[in-house]
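What follows is a pair of complexes built around chain A, which joins chain B in one and chain C in the other.
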Partner chain A sequence: MTAASTASAAPRTDRQHMMRIAVIWVVLSVIGMVLVYFVWGPHMPPGKDSDQARVQQDGNRLLGTIAVPVFVFVWVYLGYVLTNWRVKSSTPVDEVGDGPPLKGHAGFQAIWLGVTTATVLALFVFGTVDLAHNDGAGTGSGPSPIWTPTGYDANAAQSKLLVVQVIGQQWRWTFRYPQYGGFESDVMVVPAGQEVQYSVTSLDVIHSFWAVNLGIKADANPGVNNVAFGTADKIGSVNIRCDELCGLYHGSMTTTGKVVSPADFKTWATKASSTYQQLIPFLPPYADIYLPQSDGGYYDPGQDPLPSGPPPGPASPSVIP
Partner chain B sequence: MAMDTTAPPAVDRAGNPAGPPAPRADRPWWLGPNLVLAFVGAAAGYAIGHMVGNWIAHTYQQVQGEGQNNHAFVLGYLFATFGWLAGIGALNYPFQKMFGYAPASEAEGAHERKPTLRSYFSYTLDHKVVGVQYLVAMLFYFFVAGLFALAIRSELLSPTRHIFQPGTYIEIVGEHGTMMMMLMTSVILGPFGNYLVPLMIGSRRMAYPRLEALSFWITPAAFIVLLSGIIVGGFPTGWTGYAPLSIEAGEGQDAYLVAFGLMAFSMIVGGFNIICTIINYRAPGMTWTRVPVFVWSMLVTAMLMVLAAPVLVAATYMGLMDRTTQTALFDAAHGGSSYLWENLFWFFGHPEVYILALPGFGIALELLAVFARKPVFGYRTAVAGMVGVGVLSFFVWQHHLFVSGMNPDMRPVVMLTTELISIPTGIIYLAAVGTLWRARLRLTVPILFVLGMLFNFLIGGISGVFLSDVPTDAVAHGSFFVMAHFHYTIMGGLIFTFFGGVYYWLPKMTGRQLDQRLGKIHFWTLFIFFNSTFLPLFAIGELGMPRRVFEYEKALQGLNDWVSISAYLIGLSMLIFVYNFVKTMFIDPRPTEPVGNPWGSRGMEWMTSTPPVAYNFAHVPTVVSSPYEYGTGAGPMAYIGGEPPGVPTQYEEVN
Partner chain C sequence: MSRPMRATAVGVVFAVFVAGVVMLFLYFLHYPPTVAAAATGADEEIHLQAVPALGYGPHPTYVSYLADINGKWVHTTMFKLKANTLVHFTIDQYDTGSLLRNSFMDQVEGTVDGTEVLNGGAPVRIINDNTDNGIGHTFAVPSLGISVPMPGIASAATNVCSIAPCDSSFDHNTITFTIKTPAAGLYPWQCFVPCGLGWPTGNGGGMSTLGYMNGFLKVVA
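Let's turn to the complex of A and B:
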């Protein structure tokens, strides 16, 4: 449709154009928002396998719904411009004529600014509340997080939460359970329905621990204990990937995990702890971070005395009371 | 105010009265600075640097037992750059001045001459030649980096590794990312900023032509150094170069650090020139409210370059020190911190994202006014929006570190500043929306690219909100979602408007117009396949595929294959452009009459001859109205033919 065919009678006024755009916009936006929130929303990533995943899914759902009217406005408007105010592109330049010399509209600009500012501030409040009320919403929150679940203690031994230490190195993940004698496992096992403290650290370069369906993401930095909290809800498997480029085999730095019932977890952990009883002394003593020793290794059982006191190496700020 | 224009008595270096300068013998071209000499200089420089590096560090390297000598590579790259610049003639003028010789150099009076073919391959001071050099070079860099992208997509056709070894794959990822992100910073400011800013503000020249030429001639050096990293195994860090991975990497990492540092230097130098030109070289009557929106976007972009790039220079320097003299700035085990690089890098890196976005806004609004035949809606607000984006961009870099565990308590603040950026960005959209209201819109090729940009950047911008909100960022961070997001803003925004600018301004630069029918095919294929490539990547990221991996879940193979095939089709679409460009510029016969002002623009760049004469305007023009007075009945925006009738002027001829 060109301008000529629509302007059969008197040309439409600004107001009529605005009304037409507004009606199309409101109708399509409402339809779109309902579809996104109620139909697509419950199936959005990262799913519902944990409390954190739910929070993130709700966030995606809400932001997705708010985005609908913005998308629809620009699309409807561009479509309206193209169908109503288009001049054939073959028209010679001097015959096109000029549009109305509209240089601005204080009211419209003020409304636009007001709406965007209000939206942005609302998003900020939403994001902050979401973050604070969900103990960091599954993100790595540094060595001394301020939003913590009850029972948290920086000292793993005194924490009432189950502590799982996630150790990244090129190119594998290792999981350590300090409350069960400090044994190590290459499969992550966590209990369902129980808040877990993931203490993420690295032995070499920066990795990022991403338990995809649990909604946990925390960078593994060398020399830093990066703590994230998560509560898995559903018994099943966990897909774990490295989310920060860490060198050659970053692409295959994956592993799996399991969410099991608390009773099964207890059985598994006790059993593993006793199975590996003989091996635990050969591991470096549990610490929040591990740094290389001067002789180049992390721990060398052939040369260093078996662990009894504090861990060797320059620093072990694990036991900050 | 009259200036004393009498020339001082000529003296030679010793202060004795000098006779008239001896006429210079006409040297054959190959004795003067030239491109061949630049390559020779670069090779010689590399050889010397490598030798010196080996000589000073060989015993040390034996002690370390690393089997690699980073000193030799770093010095080699730096000496090669020096040799390259010496060969092309960049150092003649400063050294002649330094030692008191009259600068009997290549470039004196280069403006007055009509550029010859040779000027385009030389260290030339005419901003129009530099603009064309930039344009061709940027297209070349863009296509080379694009080929790397197709290689990545080939590997990702299958969920397991099947074409490249992991090391090769990560090299390709790094080369693609770094080449695009470091060289494309100048994709609009380089060609269009340098070519058009003087024309649009009515200046006869740039403020610092030598800095301008230098800023261009560093880019081939940076490109070659970066590409040569492949010879020694590339670098495994991607374009972000995170330490300590970058510290333990092989010699290719030196190429990354040196090249990125060089490009940062080019940005500082080029940006400084643009800023000084816009502030000081505006024609009489070119008040700040008459400055074209595109020039405003260049000013803000150049400010960001000058303020952000020095941090990158410092960071790459620290990286090189860690790798050569073992300073351990980024090594946690020896008192450094891996966060330090992340902070320094993103303090540069986030403003850089707006260095890549703002020129696109500028071109979009500039072209919208011309093709809607209306004034820019809310001109002052739009300019304030661009400045606002520029200022805010320095306060948001820590959103790249939301899950890093660094400074976690500050995350709400960073979340706020990040989300605040959508207010000034929204203003740009407001200006676009208002300009299109009741427009007389002709869908020519340039405006199609701008409308495409409005579509793409909207998706890019709104996906950015998901990344600014910490809980939703927990899913998207570091995944293909991020990758899709910034391809939507940079490729969908910057590259689309860049092509719009090419179709729009090439008639001005060359007098030849690209084929419009092929242009439309280029646009529609690019638009469709761009969206078909990058839209699925949002889903792929949310479903658990991190960036820069070569293995992914089998369930995602269908989507990935779709993306890869679409990416090849983008390549085909680009071939249409290359064909159109080469055909129009080099094969078609020279048009009998150059295309004058095919778009009916009021802009001052269209008022001078096509292609513009040496020194742009025969007289310094006098600006009498805004470039956007469409439909107001105002006369031309400037008088360019000498004294304007009845308008008082107070200016002197410059130059």
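Let's turn to the complex of A and C:
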């Protein structure tokens, strides 16, 4: 037996094992991070159809990339352990003993706590800055949003943004346009390149308005006006669904909206306002929220005193041909 | 008990359990039963009734729909329709009405011409829910953009049908409309009047139980 073969057969030290694991981990992590960020990242949901979607995709890319070293470390370590420290089947049972006892290592623990704390705090700052710089980045921010775009006004009539009221009801969505006479439509149409103020509410249970490819998501709570902002960039369709389990046909509570050019939007809104003109008197006046009456109708709770009889609306004619 | 006896007993209990599960599965696979619209030349027609209480079965107090199949009223909300075909609906509405939660559904949507005919009169596009009768029920297929409001009978009506099936001697409104079926597929339909009385938001009971105030249009090629 030569000296070289004797050396190669000698068991590796713990330091050698750690170095091997570290090298494999670093190499695979770098490859994985590049692939996640540059190859998978541009295709991550929700896409790039709006400013908010883009911000969310950037966040997903960053989080996905940061997660790669953690993910790789777990699998590399597991694979290395199984490959190198597995008890061979030829080992007699009475020679299989317990491993060495675990001992604390102050330095390692400090590094572990330091790295994880720094990572979480950095992500907290990143997320907060992202929300602040992007008017909530498409999320429902409640009736009094902290981060608002220029032109926002809580009073829909005075807002310089286009206000679209999203109304959830078991199990469909409808949309009101207070700046165009308050007509209601079962199709959501928004203009491209223009910031929209989505005022989301519900007439019965909790729903969640999710314009998937626009990255707009806001819970629709009864009695609450949940405001979200979004600017669609790409002309096309919008995949709208409910994202809160809301009953028997929750899965069917979907619809398709449209993003059109500003000129086409004006044409559509003017035409829809005219089409629904006869129906508008039957709707309650536009309000941030609507609460159900005991007899089934709904009313504007801003009225004072609260109505005790039928809601506003003509009692005749009974039908319109 | 001997070992073979115990094994046999366990086997029998297990077999009974499996048979029960299979029977339950088969029952729900065909419940409620699917009824086909009748062919009338190139078109199809279907006759339904909406009743204030079914009067029998596991939920006798639930509001419900029934379908007329060859003169016999069948309790079901599963309707088989032919694709890309004009289907003429006739619905006899025997229930009282209420305000709609969303008066947007006063209007008729998705039917041919966007109208419905009420009691054989002229076609109408909007039914005002803020009247004495209110809206009894709606027949709506949200994924197809179809919504048909059906006015309730007068709140002072005295000849009210209390147990289904209801015959035409009771107070009722007859609503007719025509839809053009889309390509083959399964389309859920439902009532949008919160008519599940006694349940939170009025949407429980018959509103949330398949076979009463909701079901499916099974559109086939």
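The rule is short, and it goes like this: the second predicted complex is superposed on the first by the 275 of 321 C-alpha atoms of A that agree within 3 Å, B and C clash if a C-alpha of one lies under 4 Å from a C-alpha of the other, contacts with A are read in each partner's own complex, and residues count from 1 in each chain.
In this section, contacts are C-beta pairs under 8 Å (C-beta built on N, C-alpha and C of every residue); 3 or more make two chains touch, one makes a residue touch a chain.
No experiment lies behind these values; they were computed from the predicted model shown.
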Chain B versus chain C as contact partner of A:Gln52, first or second or both or neither: first
Touched partner set for A:Gln278, first chain B, second chain C, both or neither: second
A:Asp186 touches, of chain B and chain C: first, second, both or neither? second
Chain B versus chain C as contact partner of A:Leu291, first or second or both or neither: first
Chain B versus chain C as contact partner of A:Gly142, first or second or both or neither: first
Partner chain in contact with A:Arg172 - chain B first, chain C second, else both or neither: second
Touching partner for A:Ser252 - first (chain B), second (chain C), both, neither: both
Residue contacts on chain A - larger count, chain B or chain C: B
Which of chain B and chain C A:Asp204 touches, first, second, both or neither: both
Footprint overlap on chain A, where chain B in one structure and chain C in the other make contact: 204-205, 247-249, 252, 254, 292, 314
Contact footprint of chain A on chain C as seen in their complex: 98-104, 106-107, 109, 115, 118, 122-131, 133-134, 140, 142-143, 145, 151, 188, 190, 192-194, 200-203, 207-210, 214
Residue ranges of chain A in contact with chain B within the complex: 14, 17, 44-46, 52, 55-56, 59-60, 63, 67, 70-71, 74-75, 77-78, 81-82, 85-89, 91, 93-94, 96-105, 108-109, 112-113, 116-117, 119-120, 123-124, 126-128, 130-131, 134, 136-143, 145-146, 200, 204-206, 208, 210, 212-213, 215-219, 221-227, 239, 241-252, 254, 291-292, 314
Chain A to chain C touching residues, read off their complex: 167, 169-172, 174, 184, 186, 203-205, 247-249, 252-255, 276, 278-279, 282-284, 292-293, 295-298, 310-311, 313-321
In the complex, chain B residues that touch chain A: 161, 166-167, 169-170, 236-238, 240, 242, 244-245, 248-249, 332-333, 337-339, 372-381, 401-409, 411-412, 415-416, 419-420, 422-423, 426-427, 429-430, 433-434, 436-444, 451, 454-455, 458-459, 462, 465-466, 468-475, 477-479, 542-544, 546-551, 553, 597-600, 629-632
